[in-house]
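For reference, chains read A, B, C, D and E in written order, and residue numbers begin at 1 within each chain.
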Amino acid sequence: MGFFNKAYHPPGTAPGTLTERPVEAPRPPRIRLTEYAPDVFLEQDIATPADCKPYLESPSITWIHVQGDVSADTLRNLGELFELHSLALEDVLNSGQRPKLDVYGEQYFIAVNLPEFGNGGIAVQQISLFFGRDYLISFSNAVTDPFEPVRQRLRNSGGKFRQRGVDYLLYTLLDLVIDAGFPMFERFGETLEDLEAELLGKPDRSTLNRIHQLKRELLLLRRSLWPQREVVNALLRIEQPFMTDETRMYLRDCYDHSVQIMDLLETYRDMATGMLDVYLSSISNRTNEIMRVLTLIATIFIPLTFIVGVYGMNFSHDTSPWAMPELHWYYGYPLIWLVMILITAGLLYYFRRNKWF
Amino acid sequence: MGFFNKAYHPPGTAPGTLTERPVEAPRPPRIRLTEYAPDVFLEQDIATPADCKPYLESPSITWIHVQGDVSADTLRNLGELFELHSLALEDVLNSGQRPKLDVYGEQYFIAVNLPEFGNGGIAVQQISLFFGRDYLISFSNAVTDPFEPVRQRLRNSGGKFRQRGVDYLLYTLLDLVIDAGFPMFERFGETLEDLEAELLGKPDRSTLNRIHQLKRELLLLRRSLWPQREVVNALLRIEQPFMTDETRMYLRDCYDHSVQIMDLLETYRDMATGMLDVYLSSISNRTNEIMRVLTLIATIFIPLTFIVGVYGMNFSHDTSPWAMPELHWYYGYPLIWLVMILITAGLLYYFRRNKWF
Amino acid sequence: MGFFNKAYHPPGTAPGTLTERPVEAPRPPRIRLTEYAPDVFLEQDIATPADCKPYLESPSITWIHVQGDVSADTLRNLGELFELHSLALEDVLNSGQRPKLDVYGEQYFIAVNLPEFGNGGIAVQQISLFFGRDYLISFSNAVTDPFEPVRQRLRNSGGKFRQRGVDYLLYTLLDLVIDAGFPMFERFGETLEDLEAELLGKPDRSTLNRIHQLKRELLLLRRSLWPQREVVNALLRIEQPFMTDETRMYLRDCYDHSVQIMDLLETYRDMATGMLDVYLSSISNRTNEIMRVLTLIATIFIPLTFIVGVYGMNFSHDTSPWAMPELHWYYGYPLIWLVMILITAGLLYYFRRNKWF
Amino acid sequence: MGFFNKAYHPPGTAPGTLTERPVEAPRPPRIRLTEYAPDVFLEQDIATPADCKPYLESPSITWIHVQGDVSADTLRNLGELFELHSLALEDVLNSGQRPKLDVYGEQYFIAVNLPEFGNGGIAVQQISLFFGRDYLISFSNAVTDPFEPVRQRLRNSGGKFRQRGVDYLLYTLLDLVIDAGFPMFERFGETLEDLEAELLGKPDRSTLNRIHQLKRELLLLRRSLWPQREVVNALLRIEQPFMTDETRMYLRDCYDHSVQIMDLLETYRDMATGMLDVYLSSISNRTNEIMRVLTLIATIFIPLTFIVGVYGMNFSHDTSPWAMPELHWYYGYPLIWLVMILITAGLLYYFRRNKWF
Amino acid sequence: MGFFNKAYHPPGTAPGTLTERPVEAPRPPRIRLTEYAPDVFLEQDIATPADCKPYLESPSITWIHVQGDVSADTLRNLGELFELHSLALEDVLNSGQRPKLDVYGEQYFIAVNLPEFGNGGIAVQQISLFFGRDYLISFSNAVTDPFEPVRQRLRNSGGKFRQRGVDYLLYTLLDLVIDAGFPMFERFGETLEDLEAELLGKPDRSTLNRIHQLKRELLLLRRSLWPQREVVNALLRIEQPFMTDETRMYLRDCYDHSVQIMDLLETYRDMATGMLDVYLSSISNRTNEIMRVLTLIATIFIPLTFIVGVYGMNFSHDTSPWAMPELHWYYGYPLIWLVMILITAGLLYYFRRNKWF
């Protein structure tokens, strides 16, 4: 997940310009049409937006889902068919948007971010949604179609889901996108618990890198997910005949979930920061311990080495009686050892009293 | 207390799905019915929710308390009996909710967190409450029934408590849940005082771990308790005939307590952070002290060892008069000692002047 | 000043329960009645609250001050006499309240905190005030009666003070409590200046402990004093005939003072935090300095000691002409010294160039 | 980009005083007049403001762009011609303004900041805009004219752009200024990724300097760009006939972009702060590693050196049988080696067990 | 600039008490009367407030400026003459006020802070202003009269300034006080740039002290200047006939300046904090570097010294053929050197590979 993930036009470009971003391995878009009403259910893959024209007049709900890298042409055709605003169409292509809800008359545009575990870490995929009285158009370029479970429920629900309006469909999709945060944060929680265990045991350089990695991912996720709360909140305030009180209740639940995910994110960030402090402290602690051993050894042996050095000097008793008479004492050698043992014992006592080992 | 403690359904599940969480040792729920009015008082254990039907019609207040791991069936039955919203029922099972107050018409749902000291630290238990005009349903899966003191007061109050409405019962339960924070924070305060004493004495690695542990618990409690303030505040703004001004006065007191607990929590967190800084400083201080001893010893003995090394060289006066003539001076050996004593004294004076020991 | 200073009842106790806290050396309360009007002034010690009954009917202002550890009975009697709410009475006994203003109909309850220098540091004492149209009841368990100066002014003011209503009395008491912060913060300021001088000089372990102590006291004071601002602000918004515009002007001044004290507190906290950073830096600095000396000495003498060690080896020219021929050179010994002096000079030059000393 | 970049008059100067700032290499201003309407398009360089008088009466839109260091005289002339307020004119000369929107009756003044990559890092250039019903005057002293792309679009747009009012022109210019942040933050993002790679590899002193440099630039950019959001927001609330709803939609997009840039800025700052922590930890880690090697070598060799020192003492067996009898044992020398090898092995085992290498 | 700079009365003093603060070298106040109208201009030094009585009745604007340490008597006289509120008069004497605007009916009191460079650093001087319909009274005890430039402009303006009301005079004085921040922050900016250059070069202990000093000054200035913004904002909302829209435009400019100064202050504080981190990192870096040299030298020479120690032992071949046979090899000595050179080369290669030097 890169630091900068916003596609943009060179400053000065006319607003609403549609330019496809060059991608390495473009996935051709699959356009799925789902048409439903209490007694109608139809699922179909269509080739061009124009193919869905016949269904637009009917009172049933039309859901068009575009999965993959949508081309500028397809987008332009959809735009003409549903009278979508060019600024919103630009935002579909220029992915990496900040989550938002834009109002264009009776039409709404929502951009939200779906977090995904991919290879090499976490990624967020922009999900774009247009909706009006009886239609919803969704765009996703996640690897797999994230909305398959919803289609499944529509197929199986035996009317319960199909009796509701476009507002409930919208809620279902949003709920799915927001709840995708739960398994992700569950995994983050496990990572944090692992890191904590490591920290209380023997932390090393890789612990530091993993804490940093976690903080980085939480920081980037925060930028992507934080405004989602506001999007749901703005939805709750939409005054439209197709936005029922029943659905508002569901959206409030969805809002609670987005708040809860932000609570988790903030707690985890605080936790990771605290861990960094503990890591730093424990390194200092270890340097301390090593220093203590070194100082102990050096402090004991350096004076002893000096003493044995003294008696290695070549002053000779032959020259002067002042020259190292100890060498000629009968108990000179044992005496020197005694002195050295006393010094060692004294130092050890001093260290022990100061709690140095 | 884990980092992630929210039970959730896989994203895409239909809202309101009731799935029991597998628990290791499920405690069968005990359903206690308490029915009271100024002149009525009845306490009874019931087997299924249906058993409380006869009491619902009466004007007296019905309090059903479910203690233990409630099954999805019981919940579904209760839901049908009291027309509880499926989203709220889901929140009872999916414990780990953020404290909240949900409004479903004239029915209210409250989720709050009861902090408990358990084995292995602190835990929070979700308490779920439904209430309407003349009934209150509470769910708790704490180890022991937390509301026994309330039932005790109802039994003994001789009418005073029983004269009041469901709003007063609700206040009593909430007050108990929120005040449960006081003994907990009193204990935290003692821990902090212990840690402080340790810090000013001889802090070690375990001090660091205990500070970290404390910060972690405060962080997790914060996530669980912080929104409780808002729940009480939202209650204060409910406009319902059964919510009296007298009870509002009591709820305001309850609100004050929740604010006070948050004040304590924030002060303790700041305190713990400050302690970490002091800990870090005191480790640096100790490294410093050890370094000072090492440097002192090394700086004094290294030059002396060099000097005695010089006179241990095997240059011989026999070869040349230039070769270590000192060895042949009459006072050579005492002179060398004098030189060494002077060097030591000079260094000690220098160190003392620089306040190194 | 402890971390946890809130007296509380076990969770589940009935609200309004009055329980005296066991204190080590209870000071029997002294109840002082002051009755005044423009032309009336009466001061009297009363034994029981009932003694003040005769004065209640008169239009003059009745001020009852209870100094010391008030008993539950006295409190209950006062409560009955003035119809004080039981929740507020509970708050008088359960001291350690968050500063607050509670409204009970036409009666008001205020809890504020008076900071005091005691032995062993700073303490805060709760001051509780009840007031209505023409009476004010105050409770204090500070060591000495803090309101004596006010009574003094009432005695001496010659009518000026006595012409004003209960609102002005309330202002006078609040102002005294809030302004008690000024001498305290002046002393804190001096402590900070001392610490700063120490920090720029030779900081040691005790400097760290004093900074920590200061931060701790500021943190606890913050919890006690911060909400006082809101209390004064809430007072300003009271709409009652006995609250005059003139007094509001005075209360605004009082509000300014409480803001100023919080400004001081926040500045001091930032300052203390900054000092901790400087302390940490200066320890690192000193470790550095000591290391530099050690490295200097070691780097110079270790090679020299090696050289003199070489010529202490017992290889003998007698065995082989390859064995240490230098020992047999005529200028061997002076040459070795020359080599050692050159090495020392080179190292010193190298260190000087790198600015190591 | 300096810390202080605000041109100002000495305190006490009359407001609206126009003083040219002395610049090292003043670029003479180029005044470009662009006049357009659906069927009119005219581009012209003019020498003095008076030259544009003939175009002012026409209903077409007049855009005057002054590129370069504008003189006080030109400014004064423009001011008289368009009745510009002297305070706003002063703000054009005293560049380094905080982005703002000032309202002078039906005339508006906007100051915004254009970020530029220059030699030696990032710079911001103030762009000043005056606009009214049918005119817009812009000032820029960036190195190259930033608005050339807009003029290009006006030339080529074949009427689409020209059909819109002065509000759309204003949006186009503002959008260009704000979107100039995107390429800049893309580059910052790359720098951050480089720094991160360095940090996980072998960070050195220059890494620290680069992180510091980045933080510094982000901090200064924040001051320059943060208030831009508010400027666009204030524009959205202007109630004037020439401010159409269509343009408001575009300005909302522009507002989204400015929010997104601030999100990026804040995320990058948090990231850079996190990197500093990791850098500090990794230095501590490295000190640790080096200490470990030193301690290892010293701890093994210091005792051995002491032992060989012992047998270098000149105690002689001739004097006393107590004097170093080991020297006369048949296997004395190999025994000493054995002892030394055992000591080394013991220490290595001890270190290995403590995971020191 | 001290931490505590608020003059205050002992808690319990009657509000509005006027007590002169004892100053070391009191400067006798100079009272300057300036009377002006479009066609009137009069400047005069007066001895006592009563001397200005004749001018009060006239419709022209009366500006009384008191420069120096005003006595309680003068203040009391002025208070009686202009009916100034005693609380405001107290605030003039008890300098060190938080900037504020107090409303006393149709009279206003403003306290603002003028930052000054004095000897020994920065100081702030309280400027107190009273104003009403046609008079303004200002108090300053700065060293020199800060308002001389304004009087200069009044003298020279030829009517332009004199045509305006008291509101414009007030703006002029406030603008001067607020703009006094610009030269100060320009100097701070230069200090920061110096510090930054030092930091990237060779930072030492004095760099730390200077950063600390700067942070301290910014912290204290923040307390003094931050509320000034609110004062100007409150002025903008005054609804009085003598407050014209034209002047409001000027005050808005003044407000912008105070916001800009706070922006600078906050940026500088963040910058200084960042510098402290870099300083800490660079000390750690340097400790590291020194450690590396020490370790290098020690690691190479300690083993070599051990080896030469071995051959200094007095084991004799005469006693046993096992005793140091190397001493008797023909190429023993060169062989030892070869071994030592190989060890050195090996260690150097090892260090180089680990990038230790």
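Observations
In this text, a contact is a pair of C-beta atoms (placed from the backbone, for glycine too) under 8 Å apart; a residue touches a chain by one contact, two chains touch by 3 or more.
Keep in mind that this is a model prediction, so the values were computed, not measured.
The chains in contact with chain C and with chain D alike are E.
Of all residue numbers used where chain A meets chain D, under half belong to both copies. The two sides are thus made of different residues.
Chain B and chain C have CA centres that are 25 Å apart. Computed centre separation for the pair chain B/chain D is 40 angstrom, with centres defined by C-alpha atoms. Multi-chain contact residues of chain D, defined as those touching 2 or more other chains: 280, 284, 287, 291, 294, 298, 302, 305, 309, 312-314, 324.
Judged by the touch criterion defined above, the protein chains form a single closed ring in which each chain touches exactly two others. Think of the chains as beads on a loop: from chain A toward chain D, the beads read A, D, E, C, B.
The part of chain A that touches chain D in the complex is made up of residues 2-4, 6, 8-15, 85, 87, 97-98, 100, 102, 104, 202, 205, 208-209, 212, 215-216, 219-220, 222-223, 276, 279-280, 283-284, 286-287, 290-291, 293-294, 297-298, 301-302, 304-305, 308-309, 311-314, 324, 327-334, 336. Per the touch definition, chain B reaches chain C in the complex via residues 149-150, 152-153, 157, 161, 175-176, 179-180, 182-183, 185-186, 188-190, 192-193, 196, 199-200, 249-250, 252-253, 256, 259-260, 263-264, 267-268, 270-271, 274, 277-278, 280-282, 284-285, 287-288, 291-292, 294-295, 298-299, 302-303, 305-306, 309-310, 312-316, 319-320, 322-324, 355-356.
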